[in-house]
Amino acid sequence: MMTSWTTHLPVFVVILPLFVGFILPTLARRLRLVENLVIAVEVISFVMAAALAVLLFKQNGSPIPYAMGGWPAPWGIRIIADNLGVLFLLVIAIVGLPIALYTKGNLREEVGGRSRTARFYALYLLLMGALAGMAVTNDLFNVFVLVEVATLSACGLVSAHRNPRAAEAAFNYLILATLGSGLVMGSIGFLYITTGHLNMEFAARELAQVWQHSPHVVWMAASFMLTGFGVKAAMFPLHVWLPDAHSMAPTPGSAVLSGLAVKGYLICLLKILYNVFGQTLMRHFTMHHVLTAAGIAAILAGSILALRQDELKRRLAYSTVAQVGYIILGFGFVNQRGLAGSLFYLASHALIKSTLFLTAGAIISATGKTKVSELAGVGRKMPLTMGAFTVASLGLVGIPLFSGFVGKWHLLLGSFESGNFAAAAVILAGSVFCAAYLFPILRNAYFQETPGENWQDPGMAQRAAFVLLSAAIIFFGILPTPLLTLAQRAAADLLFLQ
Amino acid sequence: MKIRHIFVAVVVLLALFGMLLMVAELPPYGSADNPGQNMVAQRYINDALEDTGVPNMVTAVVLDYRAYDTMFETIVLFTAALAVVVALKPAEEEGDDA
Amino acid sequence: MRDFILKRMIAVILAFIFVYGFYVILHGHISPGGSFAGGIIVSLSFIAFATVYGIDKGKEKLPEKFLVWVESYGTLWYGLMGLVGICKGAPFLANKLAGIDLGVPGTLSSGGLIGLIGFGVGIRVASTMITLFYTLMEGDA
Amino acid sequence: MINLILALLSGVVGALLTALIPAKNDRLRTTVVFAALASALIFSWRTALLVFAGAELELTFGLAGLTWRLAPDPLGAMFVLIASTLWLVAGLYSAGYMAGKRNLKSYYSFFLLANSITLGVACAGNLVALYLFYELLTLSTYPLVIHERSAEAVKAGAKYIIYSLSGAGALLAAIVITHALTGHSDFTSVPVLAGQTGKGLNWLLALFIAGFGVKAAIMPLHRWLPEAMVAPTPISALLHAVAVVYSGVYGIIRVVYTVFGPELMSSLTFAKALPWIASFTILVGVMIATRQDVLKKRLAYHTISQLSYILLGAFTLQPLGLSGAMLHMISYSLLKVTLFFCAGIIAEQTGETVVSRMGGVGWSLPKTMAAFGVASLGMVGMLPLNTFWSKYYLMRGGVASGSWPLALVLITSGIINAVCFIPTVVAAFKGESQGRVHLESGSSVSLMLVPTVLLAGISLLIGLWPGLVWDGVQAVVNSFF
Amino acid sequence: MTTFLEKLLINYPYVISVILFFIGTLIILTQSNLFKKLLGINVMETATFLMFIAAGNIRGGAVPILSDTNAPYINPLPSALMLTGIVVSISVTAFALALILRLYREYGTVDANEIARLRNGGMEK
Amino acid sequence: MQFVAVDYWIMALSLILMGASLALFFIKDLIHAVIVYGAYSVTMAVIWLLMNTPDLAITEAAAGICTTVMMMVAIYRTRRPKKGNKDEN
């Protein structure tokens, strides 16, 4: 019996949040139960992801495939829990639990009544399920469907906020994201028409044989794919929806959007770029230069825009634009170190940005102040919240022994290996910018006069969330080996190095 | 506003031109030996009845071979229903349970 | 709108639309159409009913609470059908591999789980569409 | 080994305790602070003496996928000695200067934390650990820079942190390249990059120099230093004249002698330009200093100039030059701290911060001004003071490296130094006594005066008997040549 | 060796779908009315569906339901995929309509420019 | 490659498609635009029927009607006389 359960792990990790999400709307009267169910789901997801990781380490990184319905690969959908997938599953699980804890008893103010809250939770779990699906998917059209689930639930999360501007942000997000998924679907269509396969491995094999007869098809497919996922993952010139959406969403929504949803799209993009086009075609069509250029532009522009924001959540949202730039930059290096760094940075940014958003949300709801300049003395009044914020800021800036540093270190290694010194300079400049837009918040919080108001740390569950997240940031800063090994193996898989 | 529209139009026209170049390279429409009609399609066509017991191959693909996709398809619709309610339900309506 | 003739006409046509919708759902696996199209057709009959007779009357027939239940458990139904495969020692969403009797091809009961899944999907598509319609009609009062 | 760990930990533990003590409890806090400083001092001396005696201390951790090593060598031990000694003295001075001021809790916490981190910089056994402590030093001294919380302080702090982090970025790039080239970055008797060839090494060296040069205030990268003078005087004296800037200087010496090594350095084109960059900084820095009217600013620019003396000595790549650099490191730190302490006493007692209005101050504060005079003479390089010896060796090093103009630079700079300081001292004793102004700050003069005079005395002592430190200097030089 | 235009003519369904795709995109990007944007999205998505379906079609082929024809059955896979696609597009439409209604409730208009103007005006206050 | 009758039918219908989609740019009245979209959708369904995919044709017809109905509902609801801007789109 034991073995059968472990063989089904890759599918359980996807369907568990979905199944629980289905029944949540009917439980709207019993909100307590809903909250506890969500937390339980996250705990179980974490256990399952960890079990998958252990399994993967036991077999030295050889992937765990799972054929849906038992149909073999080119006919049915085969999902694969490979290094990349398990890495992202772990990230989802580690970030998801604190976010679920944070929401406990804390949505009334931002979301509203019971039925809305229950549906908010359902959307949250559906998003989690879709992201888990993205982690293990190995099928082009499956990617599209998952992306749609994620997009719709993410828009739903944004629109759940009571603020009228949330609806506008959600609408803009929805329109642009749908445009993006139209492009993605078009691209999948081109690939399907030329290769006749939807399974990534088979499509790649076929594409390697036919691409010379139809270079423009590859061109258009790649540019559609990049633009489509670029819109969804907020690659720099296409990020216009992100600041509104991520700053207007309810706090847990912002955290999960910035921390995980964007990463899910990036993982899909990575899979398609490397598993379908492959590094040969990427180099031939200079996609890696496009990625690098987009990354550099995103880091610089995102940081500068973030510097100019006074609203805390907007500043964090622009910071996400900049940090996505790092990840994209790493995708463009096309070498193992750069990719591993990029993947580790993705994990670390997921942790850090969700911490930042959650603590920012807690601060905003405790103080009622949304502007950076108004937050004088918060550090003294809300030590735990601000402590977590500080840890996350240091991590984002890339101070050694915080998780961001490890990612940056490997990104730098990758950039030097690919001979891209401009990228290295931008990575480092990005850290300085990051300090420039985050440290003033800390300075205001700790070194300004404390106002007499009665601001307090939030409740137990929220504190637990902060402690968990900051512990994770420090843990992966000090002992990155498990994640880093996964990332390195995933990078090797993507580059077909054996 | 106007300049933006012109910019958009130019970009779209350029992309359109690229797309037309691409279309010319696609396998010819309606031919029976397109890459699409490969072993994948052949199995769906030849073995669907035996594999799934239904004569409608589209249904066989939707609900059996690629049932995983279809599960997510229903989830998309479910998500939309949730999201619509979340977006439109008034925030303050305690005790109301739909 | 509240025309007598319209109401009578709709009352007659609706029954046919409704039945046709279920026909499409149930015969999805042996003839063109399918659970999704059928579900929409079923829902359209209710939508027409609610449009003509007023949303309140529509809600009397199909209360929102019921719709939520159908939606939730209809979607869950799909997943449970998938779990049947796992319970029988086959992969998720397995049909033939799980040892389900596929029946006589061409009949309503053929196709093993496909018919069951299709029926669930059809019902819940219909209910979702009606929910969407209700909410759009009077969601924010 | 235990000495090293205790030396590093005492500051951290002290900082934590200080942070936990209620803000009102001054007496307990003072006790804790001095206990921590004293234990840091004792254990650092023991560590340093062990190192000079030839013991190999080494601690290795495998964190974050990298190796972090603590292994003080004679150069590090020298820095440890300077830092821990001056820290205690500055702590004593702080007790007088800061008494009754606001935010003492955060002041002392970060003061102690910075102590540990500086010792960490000194003891770092590879580039990665050095980078960690270097970065942490920036963060832990930032609160001290903005201690006043005024708009000016905040601006200076922002400038400080942006400059330092940019430098750290360049440093990180350099370290990553070094790692990629050699696979390790441990400081051993064999230089890290020994045996490497290629034009890129020039750029690597430039990155290193830019990284550490920010803290060492090499001329185009110096702008944060004069602004950081808004900090309280003990901080300016200790951190921005000695500890923080020495971490940059120390880093550059490390890079030159342990990462590249004299042999490799002498083959690099960029290395040949370095003495001239240092000379430029020496001359321009002191010239700007002469034009400053605010005493602390004058001292700040003077710091910039003097730091490059040390760098110049290191860049000559000669044993004599390095001896001069080491001697100057010791001598200059003693004198500059004295000068700052005097400036602090003058500012606290008379409320005067501008040089041109200091006429007659000498009669009101005779002991302070005497110490100031001694230190000024030292800055010029007059014989009875320790800097004479260091300049002597620096010049010999410059000549030995084949560039006699370097000696000329040093002599010119000495003359400008004289123009810079002697008139101040003379002016201070000219004119009527202004009488002592008692500002209601509650600061205690005697607690400030004792360390000041003590340091001036030590400078004189070393000047009269340089053999006191010569063994240590020789140990450092021998470890590299 | 067929010319470019001949190839285009052979692949005319793709050409149609490409043109429709761009018309849809243009509607999304240039129309400020939210309903128009939504219609644009639908046009764009149906264009993509058309492309897929054309990819699966065989001229003179048979409907992919078992019958006793001799004609080759067409590829059922694109049809199956597009069923999913249609559901997605209808979901998006419904949700977007809900958002439009909410925006109308808040701002009293369904014009994107107008909404932006009202919001910025509201922020200045 | 020889075209057969079906091809010409599809081409003719696709002209309607393009006309309808271009018309969406210019039609001011939203109700009219939605009706045009309904026509577009039905034409599309016919084309798909001609392309041997009756399943999709049925679904698209149903979905098109559903979309049209939902949009109609929404448009009527955004036309409630509020602030007197009844005729504004």
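For reference, chains read A, B, C, D, E and F in written order, and residue numbers begin at 1 within each chain.
We take it that a residue touches a chain if its C-beta (ideal position, glycine included) is under 8 Å from a C-beta of that chain, and two chains touch if they have at least 3 such contacts.
Please read these numbers as outputs of a predicted model, since none were measured by experiment.
Undergrad: Farthest chain from subunit B, going by the mean of C-alpha atoms per chain?
TA: The most distant chain relative to subunit B turns out to be D.
Undergrad: Would you kindly say which chain has the C-alpha centre located farthest from the C-alpha centre of subunit A?
TA: D
Undergrad: Counting C-beta pairs in contact, does B-E beat A-D or the other way around?
TA: B-E
Undergrad: Suppose each chain is reduced to the average of its Cα coordinates; what separation in Å results between subunit A and subunit C?
TA: 35
Undergrad: Using mean CA coordinates as chain centres, what's the gap between subunit E and subunit F in Å?
TA: That pair's centroid distance is 11 Å.
Undergrad: Can you give the whole-Å distance between the Cα centres of subunit C and subunit D?
TA: 79
Undergrad: Rounded to the nearest whole Å, what is the centre-to-centre distance of subunit B and subunit D, using the mean of the C-alpha atoms as each centre?
TA: Whole-Å distance between the two chain centres: 67.
Undergrad: Which subunit C residues sit where two or more other chains touch them?
TA: 30-32, 34, 36, 68, 71-72, 75, 79, 82, 92-93, 95, 105, 132, 135-136, 139-140
Undergrad: Which residue numbers or ranges of subunit F touch two or more of the other chains?
TA: Touching at least two other chains: 1, 7, 53-56, 59, 63, 66, 70, 73-74, 77.
Undergrad: Among the residues of subunit B, which ones contact at least 2 other chains?
TA: Residues 19, 24-26, 28, 30-31, 34, 36-37, 40-41, 44, 49, 55-56, 58-60, 62, 64-70, 72-81, 83-85, 87-90, 97-98 of subunit B touch two or more partner chains.
Undergrad: Help me check something: in the complex, which residues belonging to subunit C touch subunit B?
TA: So the residues of subunit C in touch with subunit B come to 28-32, 34-35, 64-65, 68, 71-72, 75, 78-79, 82, 92-93, 95-96, 102-103, 105-106, 110-112, 114, 117-118, 121, 124-125, 128, 131-132, 135-136, 139-141.
Undergrad: Using the touch rule from the top, collect the residues of subunit E that touch subunit C in their complex.
TA: 63, 65-66, 83, 86-87, 94, 97-98, 101-102, 105
Undergrad: Per the contact definition, I'd like the list of subunit A residues that touch subunit D in the complex.
TA: Residues 394, 397-401, 405-406, 408-409, 412-413, 416-417, 424-425, 428-429, 431-432, 435-436, 439-440, 443, 446-449, 477-481, 484.
Undergrad: Applying the document's contact rule, which stretches of subunit F touch subunit C when the two form their complex?
TA: Touch list, subunit F to subunit C: 54-55, 57-59, 61-63, 65-66, 69-70, 73-74, 77.
Undergrad: Quick one: in the complex, what on subunit C touches subunit F?
TA: Per the touch definition, subunit C meets subunit F at residues 24, 32-34, 36-37, 40-41, 43-44, 47, 129, 132-133, 136-137.
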